[in-house]
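Below: a set of structures, written as structure tokens.
In what comes next, subunit A is part of two complexes: it sits with subunit B in the first one and with subunit C in the second one.
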Partner chain A sequence: MNILICIKQVPDMESKFKINAEKNWYDRTDLAWRMNEYDEYAVEQAVRLKEQVGAADLTVLCIGPDQVKETMKKALAMGCDRGVHIADNDAHKREPLEIASMIAGFAKDKNFDIVFTGMQSQDRGSAQVGVMIAELLAIPAVTTIVDFTFDNGAIHVKRELEGGGRALVKATTPVVLTCQLGLNTPRYPTLPNIMKAKKKELLTLAVPDMGGIGACQETAAFYFPERKGSGLVLEGELPDMAEKLIHLLKEKTGVLA
Partner chain B sequence: MEFTREIYWNVGHGFTTLAPMYGLLLVAVAIFVLGCLKRIKVYRLGQPLERTDQLGKRIKNLLDNVCLQTKVFRVPGAGTAHALFFWSFFLLFIGTTLIVAQADFSDLLFGVKFLKGTFYKLFSVILDLAGLLSIAMLSGLLVRRYLIRPEGLLTKRDDALMHGLLFAILITGFLIEGARMAVTELNTPLAAWSPVGLVVANILSGLGEAGLRTLHTGLWWFHLLLALVFIAIIPFTKFRHILTTSANSFLADLGPTGKLTTVNLEDETTERFGASELTDLRWKDIFDADACTLCKRCQDRCPAFATGKPLSPMLLVNQIGETAFNNPKANLIDTIGREAIWACTTCRACQDICPASIEHVDKIINLRRNLVLMEGEFPGEEVMTAMEQAEVNGNPLGMGYASRGDWAETLGIKSLAEDSDVDVLYFVGCYASFDKRNIAVAKSFITLCQAAGVKVGILGKEEKCCGEPMRKMGNEYLYQTLAMETIETIKGYGIKKIVTTCPHCFNTIAKDYRDFDFAIEVEPHPVFLDRLISDGKLQIKTDTFSCTYHDSCYLGRHNDLYDAPRNLIRAAGGQLTEMAKTRDQAFCCSAGGGRIMAEESIGERINIKRVQMAAATGAEQLLSNCPFCLTMFEDGVKGADVEAQLRPKDIAEILAERL
Partner chain C sequence: MKTLLVAEFREGKLRIKYSQLIAFAKELQTTTSMFLVGSPSELPQFDGTLYLADVAKYGEYNPTVHKQLLLDVIAKEQPDRIVFHHSSYGWDLAPRIAVALKAAQISEVVAIEDGVPVVPVCNAKLRRKIKSKTAQTILTLQAGAFGMEEDPIGTPTVVPIDTSVTGKVDCSGYEAAKLEGVDLTKSEIIVSAGRGVGKPENIAMVQALAKALGGEYGASRPVVDAGWVDHNRQVGTTGRTVTPKLYVACGISGAIQHLAGMKKSEFIVAINTDKDAPIGEVADVFVVADLKQFLPVLTEKLLAR
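== the complex of A and B ==
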């Protein structure tokens, strides 16, 4: 099997975010970087599939500046076989369609059986790239999968639906699957695999032909929403706190009316 | 009259005595040697380890712990009985050797006799009393083991065998002496020099000379046989501790205390890390199992064992021994069990008290290394998350690295990047940087330094975790990554001295980093502050308060620093009520060994237990010197429901309150 896993390097969400000079995205200084959480589920699922079927080749793909290779190494240490880095210092400005067309541009002649992606990125959160790759490659996409089984070419996935429901979807290859929290618990790479990862192929490519697709939207502004109201922590002795709570409930709500 | 006795009285000193005697001795020694060789072969299954350097120090340890029984003596009761038994039995051994030396060598070959006159009188009375003391101590130990039966004491076939054989040797010895004296010494002035023998002689005297002589011959050969059996079975029974435990005092780890072995991660040919099989261990780890006497001192002090977790350091060491000698192909991790391996807090209480110089902690870390580095396993997902956080943000708490120095913003403290001309670098550590409760400690420490006119710098957002919890949890790779980064950062500023408020950082930077060519002086804050006060640079107002003090494992047992923190408490006016388990006997807070990152889901909570011990003193404040301890105690006072009576604090805080 030939499998593609698309990952993104994102800032750790605990970082101190500041707005950039153009005021259209966050500033990149003082950020710690890591693999997008949903993409970790994608990598893990691909590695598990390879462990199951034996004969599979896992290509991990990442778009961005040189520093994304650090994150790619983790995917390689988790068990991907080779890495493809599409060098693009402007990746953070790209809209989902541009990213998807870069990936499709790379993937179109490679005959991938399954493309795993995260269901969305933790920073931009458009949740569009996976489905757009499928569209551009003219293959089906199943989104937000929380369970995956592969049996003799038959794929069964469970999708998470709104309201807590689940849908069981059958699919065959080729297919794009976007991975949701709950799909699996990503492994911690073992030291021998970290060592091996350092020697795995990691190709850096220029931005591939995007089939004439360019930007069709623009982020006009990036800002932190104004704080409207805030939580209140009551402190002090228990009876006093109870008094205060009753007072607040009476004054601000109708529950005691 | 000449004070002496006829050696080989009644049994004769001819060929018919000596030939079978030395023949049997030869057999016994042959069995002994073969038994030893067989065991040595098993020790050699382990990895190489150099333990013959610093000969002087090793020989001193050997003499201290064997001849003086120093470590054995640390626990009164059984330890005292063992030491007294050892000395008295050793005297009997010397006595027998002197007899052999005179009768079969000096007298036989050169006609020289030295067992006579005053020397003989002393010889006689000393051996007589030594025999009595041996019996008394052995009886005491017998009563303890079989009647009192202390909780957790494992009694096996070997123990019965040892008690039986030793009693038989001692009692037959007195019977032989009594029979001989009844014939040759009764009513002579010499008899008074064998008081116990005299009592036996008086009891036996009714048998008549012929009967006594028959009894004497029979018992003499029986006693000899018992002594030879004793020699022969040493390698096959717990008697082997006479050799192995003694040898282990010589082979002991000479420190620095608590410094772990650094794994060479540069060597690309290494494919196995840590230990999951016997052959992954060092030979000393297998030898340790043979040196263990099951005295259970380790188990009695283990905080994990005391709170119902499936770890007994004694059992773990013996499981390694069982594996080595009975099932060498078995998987050690499955044999010992993951929950036991993860339960250790590396508090070192086991290793510190062990009279056999066994190294428990290294074994556990080695097993953990295998789980983490080879299997990617952790005690829980929360630990894996903490590891990943440390990789991304340089702290296990998952806080954004760039805000690491924020706590100091209003204090007029600069990072070294802004101003590296400082007296000391304060290595803040993760908890004092990010945890609200511990930030208060960092601030207090800064206040104290400023009051003493010490110019302090911090690394701010350049500081990362020292790697200690990760290392103790088995993640040697992450530890080394963090350590290298920290070392490079610190060295880049050319500073001369580092002060820590976290004993885990202290121990790691001061000891473990030495393997990476890092030699900058490091001092823990109690020592640093104690000197500022004694130098008169820091003035503290004495204001009486009641407190108890918890010796953190990493300042106490790992670094023997017990006095500096107590000096500080006294300087501040603290009326210190010690807990029952204090100083080198202190009971861990639960957070060492990387357990600060882990949930404690099995058994009772260690921290609550410790807080209860503190509350039992009636003191109002529970002082410590470690951010992990403080975190655990803040949690523990809630769990033990003593929040109102007992306030956990760092020593730096009580000082800063009294400026």
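== the complex of A and C ==
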């Protein structure tokens, strides 16, 4: 099987964010970077599928500046066979349709059986790219999967629904699957596998033909939300804060009566 | 301006949150029509044209077919905006329409300011206003962002629609949420564990505080996904929606899906090392501390009272 996994490098969401000089995105300096959490599930599922079927080739793809190769190395250490890095210093400014066009441009003549990706990114969070790749490649997509089984060419997935229920969906290859949190438990790369990953192919490509697709939206403003609540902030020594909190709970709620 | 609303039908029922779509359209003051793959025996209360495809024929989840049905309506109706819920149905179907129309899609709209959609970025830590540059724009609305004070009223003018397109995937049925056991919706006090607990052993601290307060313990999604707490204790859009008298969020950053499940609690305490965590938006008291150090101190003081 020929499998493509599309991943994104994102900042750690616990980071202290600043707004960039153009006021249209967050400042990219002084941030800790990691693999988009949703994509970790995509990588893990692909590796598990390879472990199941044996004959499978896993290509991990990532778009961005040189620094994204660090994140790609994690995917290679988790078990992907080769990496394709699309070098684009403007990737963070790209809209979902542009990103999807690049991926479809790369994938269109490669005959991938399954494309795994996260259902959304943690920073932009559009939840569009995976479905758009499928539409551009004219293959089916099933989104938000929390369960995956592969049996004799048949793919059975469960889609997560609001309220915690699941829809049971059957598909065949080729297909794009977007992965939701909890699909599996992504492995930590072992030291031997980290060493092995250094020898795996990591090819850097220029931005492929995007089929004439350009930006169809623009950022009009970028800002921190106003704090609506007049919430009280407690800082300081632990026992003092505990006393103050207990006092507040007595005063404002009926639960400590 | 014309707006087409995309309503949802699942497990044999019209999903009543279509009222949020109507509320959104009212805010924009546009001419409005609606699209639904549903049942003629269960119509939305809506004064306008309803393009209705029969769910018995086309299925509840059948993206290729629903896409074609919707594209046919768009071709006829020529709406300026096509509006979905940001939901398992909406985020699956909307990008298909955006690609077909080469139109801008603006996901998870939380507000409209001066006519321009606002969306969250980085787990709701930041906001972005987005202007569409295409004639038609696709929008998906965050659940609960647009509401209606009263229930919608009206009777639609039904226009039946059909297609000969067939599907590529097969939805064979549903599996119910596993929510047996404790029912957090009945608890007056809930102490919830988030990613900040760090490791499964620390769940005991959250349980101890819940016990000291006479309440139940819950958890956010990452903790449940990790298998540290059962799913029936998950608070959020894919778990329980709770409204206790006191909600204590321990090491929970406040993802939108979590906030949706607890923000209507009467009193909210957040305990978090990150002062900028979005949970601060709904917290009545924000304790800036590492829960692993703070919870034992707080629990001890509560028990000593």
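Following the convention adopted for this analysis, the second predicted complex is superposed on the first by the 229 of 257 C-alpha atoms of A that agree within 3 Å, B and C clash if a C-alpha of one lies under 4 Å from a C-alpha of the other, contacts with A are read in each partner's own complex, and residues count from 1 in each chain.
Heads up, the rule we're going with is that a contact is a pair of C-beta atoms (placed from the backbone, for glycine too) under 8 Å apart; a residue touches a chain by one contact, two chains touch by 3 or more.
Here the structure is a predicted model, which is why all the values come from computation and not from measurement.
Trainee: Would you sort A:161 into first (subunit B), second (subunit C), both or neither based on which partner it touches?
Mentor: second
Trainee: With the two structures laid over each other on chain A, which partner does A:16 touch: subunit B (first), subunit C (second), both, or neither?
Mentor: both
Trainee: More residues of subunit A are touched by which partner: subunit B or subunit C?
Mentor: Comparing touch counts on subunit A for subunit B and subunit C gives C.
Trainee: For A:195 in the superposed arrangement: first (subunit B), second (subunit C), both or neither?
Mentor: first
Trainee: Touch test for A:187: subunit B only (first), subunit C only (second), both, or neither?
Mentor: The answer is first: A:187 touches subunit B but not subunit C.
Trainee: In the superposed arrangement, what residues of subunit A touch both subunit B and subunit C?
Mentor: In subunit A, positions 14, 16, 185 sit in both the subunit B and subunit C interfaces.
Trainee: Can you check the complex and tell me which residues of subunit B touch subunit A?
Mentor: Those residues of subunit B that touch subunit A are 265, 268, 271, 273, 372-378, 381, 384, 387-388, 392-394, 398-403, 461, 476-477.
Trainee: Which of the residues in subunit A come into contact with subunit C in the complex?
Mentor: Listed in rising order, the residues are 11, 13-14, 16-17, 19, 26, 95-97, 100, 119-120, 122-128, 131-132, 135-136, 139-144, 158-171, 175, 181-182, 185, 213, 215-225, 227-229, 231-235, 238-239, 241-243, 245-246, 248-249, 252-256.
Trainee: Show me the residue ranges of subunit C that touch subunit A in the complex, using the header's touch definition.
Mentor: Going through subunit C, the ones touching subunit A are 10-11, 60-61, 63-64, 86-88, 91-92, 94-96, 98-100, 102-108, 116, 119-134, 143, 168-179, 188-189, 213-215, 221-222, 224-227, 231, 234, 237-239, 245-246, 253, 266-267, 269-270, 274-276, 278, 280-289, 293-294, 297-298, 301-302, 305.
Trainee: Which residues of subunit A touch subunit B in the complex?
Mentor: So the residues of subunit A touching subunit B come out as 12, 14-16, 30-34, 185, 187-192, 194-195.
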